[in-house]
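One chain, chain A, appears in both complexes that follow, with chain B as partner in the first and chain C in the second.
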Partner chain A sequence: MTTSPRSGESPGFFAFAREHTFVTIFGILMPLAVFAVFVGYPILFTIYLSLFEWNGMTPDKTFVGLENYRHMIGDSHFQIALINNFKWLAVTLAFPVLAGLLIAYALRNRILPAAALVRTIIFFPVTMSLISVGLMFLLILNPLFGAFDTVLRSVGLGFLVTEWFGNYKVAIYTLAIVSGWAFTGMPMIFYYAGLGDVPKETFDAARIEGAGHWRMLTKVAIPQLRPVTAVVVMLTLFESLRAFDLVAVMTKGAPFGYTNVLGYIVYLESFWNTRFGYGAAISVAILAVSALMALIILKKLMKGAFDV
Partner chain B sequence: MSEMLILAHRRDVFRFTARFLGYTLLAVLLAVWSGPIVLVLITSIKSNQDFLAGPFSIPSHPTFQPYIDVWNSLGFSGLLANSFLYATAGSALAVILALVPAFALSRMEVPGKTFIFGLILTGLMLPQQTVLIPLYDTLRTLHLLDTKIGLIIVHAAYGMPAQILILRGFMTSIPREIEKAAYVEGATDFQVFYKIILPLSLPGVVVGFTLNFIAIWKEFVFGLVLLNSEQNFPVTVGMLKLNSDRYMAVFNLPAAGLVISQIPIIVLFILTYRKIASGNFAGAVKG
Partner chain C sequence: MKMTLFSRRAIARCAMAAVLLSSVAGLAVPAFAADPVELRYFYRAPWPSSEIYANWLIDEWNKKNGDRIHVTGASVDGETYKTKQTIELASSNPPDVFYSWEGGRAQEVIKNGFAADLTPYYAKYGWDKFLVPASVSLATFGDKKYFVPTEIGASVVWYRKDLYEKLGLKVPTTWDELMANAEAGKKAGLWPFLLANQKKWPSQFMWSAILVNKFGLDTYQGLVNNTIPWTDPSAVETTKIMADLAKADMFEPSFNSIDVGPAMVPWSQGKALHWYQGSFNLGRFRGDQPKCCVVPMDYFPMPSIDGKKPVMSVFAEDTIMIHAKSPHKDEAAEFVDWMISKPAMTEKLAIDKPFPSSTQGDLSSLSEMEQRLGKEMASAGQFTFMHVDHATPPAISDRFLDSLQGVLAGAITPEDAMQQTEDEAVRTRGKI
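The block that comes next holds the complex of A and B.
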């Protein structure tokens, strides 16, 4: 050990490896190997498989070129699922992210009493599995014995009552809102931490100038929270594209596939219809959408959020 | 004088209004976020007759029978033991895999740092459904499909990226002076890591392990696809059965099942809540 570990200005890999053998093996090569096996290879294999027809059992696969993709574009189940993922994303940005921000702001500015209680009850569902959350809301939104319809009727909003899972226009929003209920604690915690990092003087200065809460929120808090928002939007995006569990436990895509999401039809096509090639093609579509959206967010919002 | 009184009065009115709004908001938040949970708790101790009296009826004869029934018919002892194994072993492996990478990324000019961070982000954000087919295929080739070991390895691999970020966040906050002295004394990287950084990172290890434990406890997709035999199922996959006519006829059984599945997390939540909810991990993600 002749030089301090910080002294080298980006040395070559082999120079680094000679000087830091232990770190190179366990800190770089081992995680890279794990990535190669569990992330790199699966992505490449999925792309490769999307060009084949395969039932998942026999060793031989039939090359079909872009046929799976051609079929996908015309597949109404795929179209509905894709649109549902975007509806899910829109609901998640509008409900849990916004609610999380407002609650965090209200907690930091002492508009809300009982801060510890509020943080606990809103964060708690984040620790629940979505299977539990889904089952819970199946009970609460049940058309015969559910509590929610009873509440709506008792406050005179009985005309809103519908088949929350049976009405094909409503069902996907029911799922997205339930997922939002469980997710709100996440943005709340991030925004709460972010607001804690904003220097107190910034808010005090605005308050002295006579800014109300609306202006403090829009002109001070939100601009200051930009890096946090980038992380939260990123999380939200992937949470929405990953949507699966609630669909599996609450509706299984019913009614008539109107609550299918991309992740769920990958599962159906691959493991129920044993069309693994087609499932892989839909997987590639998910990957493409994720990568594209991530790129946009990185470009627009992310500057300085991950200090690499 | 009277002007001041009016001003004071106005301020009181304003304060009162603000307080009133605050408490109204509090009531709404409590109703929306803890209402469903309270209802499930109440439902879980209702007898069948109490259940038929309506969702808000107070149980006249509170009973633990639903818990006993659902425990036996769903085989909760096996499900809980499996989930506990997956969450403990998977998280422990993920943390162990992540320790040295976090050490390297927090204190050294690692060649290809940006590339490694790119990989970590990819691993974090990869939608699991897109890799189900290759994972299924790989595990089958290795004869690890439908085995506990197979699922543990998958959980460890997918837990690692988040653990690297969390642990790196903690390690970055450890002052460099201590290790500098050690390096001057001729310590090797391994000694610095093992004797200095690792003990000081223990709070980070606790937070990382806990978050990973909860993540695996909640996980569903991998368990659903990579396992076939009921004796290997985690709680989430086993509970899927609760959504069937047999269990949904009366809600007290599913409600009791829900509560059982969440109890281990509640215990963990109580033990580590302060560390986690303080937003430390949010800071870790920001770097």
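The block that comes next holds the complex of A and C.
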């Protein structure tokens, strides 16, 4: 015998479970258990670990309370890394997201020829390992024989040549742009799919009204793409905050720690300097910053983006 | 019916006989063919040749001794080893034999109880009789020996012989003569020194050599052994010298953007006159040639500064420890003894790169220059030094390297650089 909820009234969990046993076990409880074991437990353990001083070698941990957090606040390398993550985020939002949108729009509106080929070429770096990307750009941007400087000089832009990894004012942007190059295909694909869902009549109507591409992009496409933009911005945020690979393979935080990002100093502090407690505290900071940023983006900037 | 009973009885008898036979056999087997002792060897393979050599080492051992002591190897590339080592050593099934760095990292491993005291094995096998004295001295902590060096290195000033001849320069014996040669090179359009400091560690080589040769070995040992703070005038002054060299264009342009590997290109092209670097680069210098080197080059030790007797840095590049929790320490020591035996060391030269830690290694396959360096290292005595990233724990050395790179980039002052290093040192080892 099954009971149905009265219309307008949501059934309790147990009533739902009695009625849909299979879905409850395999669709809710098991995924929840997997999540708890593989995501929830590591997060809780990291928070717990952040209250200790531990070198990872001995079973003994020393309880230090909030000392790791206190040290973190005054640690100039942590501050530089945090600021670098925001610089990385800014570059990634400005470059690949914008470039992805523009390329997707150009492809959808047949402004660019050979759409399938262009789409494949732009998306290809997304499939590459960031380690390979890093090694490739180390050669391209090498100050001794790198192709990039040679190209700049040959087109009369030699004055732009700088130490892409050695100049501490520039190096973090170099890394973020390389990351952006590898990431552009992702927002492009999202926007390309999103633009396919915008009714053709909307664009046609705008065109009849005399709108050019700029007005169609800003007044028609972008407002219609708000849910896609919300997803892309969230992905970009997480991509930026978990940046690690390129720093590890290209600079190792050099010069002078000016390309350190939070993900890299977690690795450095935990495994290199064997301060697992401090590394855990920085991990908790990354989690807090990610959650806060996601909240701000969803509640303020993208409010209503997912409303149907 | 009879047949069935007979069959059952026969089957039962057969089964009993089989059980008896198998139990007798089971008892007998261990007496005649015991399972070999299984040893796990965890090592670092920074070069492709390191992996080839380690495989040869293990295969040869197993061919001769595999029925008694069987060795299984597991390797991690150079960069990743440090991070994996912690996990491996602390695991419930740690390796019996493992690679460890000398100096600060070795001290951490010893302090945490992972390294077995090898002093009895040094006595049993007489290792200190044929290992390079400097490397044995590095393996000694207090009155005990904790590792066996298998490869040693030295830092020297490499110079281009052809350019020296072209410019009419003589090998310098003092710092002032070296600087005069560097100036002459600069005037001729050459880079006086290659630094290739993208990965931060290369600049410390010259820094520590200048400090040792200017302020003495005791001062340097005081810094890395926590009896002298990093804000000491000697450390600040040495950092200033490095900053002045950078300001005077004594290093290649963009030195903080160039890594050691790519720096081989300008070195081979004859763009640089000197390069103060470790002998572990001999593999690069040799290139595809059977003997070193692809360009005419030689070396001299960092010369005397202010009349002080110069000291050459000799360090243990590869060191082997036995895990304190290994149930097979004696067998592990036997395997380690094979690693530093004459045939193994000679093969190391053939497959890997110089220099073996044993004075028994046959150096005759090497070029004259390499042989000379090998002999000089062997006779360097016990009084030598490690560079900062070997001598101190990673937390201190990493901050030191960051700071030194910052000074060379003009981002911070030498005083601030040493203060930052000292702050990190205080956090790691407390105030002194």
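Criterion: the second predicted complex is superposed on the first by the 289 of 308 C-alpha atoms of A that agree within 3 Å, B and C clash if a C-alpha of one lies under 4 Å from a C-alpha of the other, contacts with A are read in each partner's own complex, and residues count from 1 in each chain.
One rule holds for everything that comes next: a contact is a pair of C-beta atoms (placed from the backbone, for glycine too) under 8 Å apart; a residue touches a chain by one contact, two chains touch by 3 or more.
In this text the structure is predicted, and so the values were computed from the model without any measurement.
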- Contacts of A:G253 with chain B and chain C, given as first, second, both or neither: second
- Touch check for A:M136: first (chain B), second (chain C), both, or neither? first
- Query: Given the touch rule stated above, what does A:L66 touch, chain B (first), chain C (second), both, or neither?
  - Reply: neither
- Task: State whether A:F124 touches chain B only (first), chain C only (second), both chains, or neither.
- Result: first
- Message: A:A205 in the overlay: touching chain B, chain C, both, or neither? Say first, second, both or neither.
- Response: neither
- Query: Which holds for A:L29: it touches chain B only (first), chain C only (second), both, or neither?
  - Reply: neither
- Check whether A:I296 is in contact with chain B, with chain C, with both or with neither, and answer first, second, both or neither. neither
- Item | Which of chain B and chain C A:A90 touches, first, second, both or neither | neither
- Just chain B (first), just chain C (second), both, or neither: which does A:T58 touch? second
- Which partner, chain B or chain C, touches the larger number of chain A residues? B
- Query: Where on chain A do the contacts with chain B and the contacts with chain C coincide?
  - Reply: 56, 138, 142, 145, 267, 271
- Task: Using the touch rule from the top, collect the residues of chain B that touch chain A in their complex.
- Result: 18-19, 21-23, 25-26, 29-30, 32-34, 36-37, 39-40, 43, 51, 54-56, 97-98, 100-101, 103-105, 107-114, 116-117, 119, 121-123, 125-138, 154, 157-158, 160, 164, 176, 180, 183, 186-190, 193, 214, 217-221, 224-225, 235-236, 239-240, 242-243, 248, 251, 254-255, 257-258, 261-262, 265, 269, 273, 277-279, 282-283, 285-287
- Item | chain C-touching residues of chain A, taken from the complex the two chains share | 55-58, 71, 138, 142-145, 163-168, 251-258, 267-268, 271-275
- Message: Under the stated contact criterion, what part of chain C meets chain A in this complex?
- Response: 82-83, 86-87, 89-90, 108-109, 112-114, 198-200, 253-259, 262-263, 265-266, 393-395, 398, 402-403, 405-406, 409, 411-412, 427
- Item | List of chain A residues in touch with chain B within their complex | 1, 4-6, 8-13, 16, 20, 22-23, 26-28, 30-32, 34-35, 37-39, 41-43, 45-46, 49, 56, 103, 106, 111-114, 117-125, 127-132, 134-140, 142, 145-147, 150, 181, 184, 189-190, 192-194, 196, 227-228, 231, 234, 238, 241-242, 244-245, 248-250, 262-264, 266-267, 270-271, 276, 279-280, 283-284, 286-287, 290, 294, 305-308
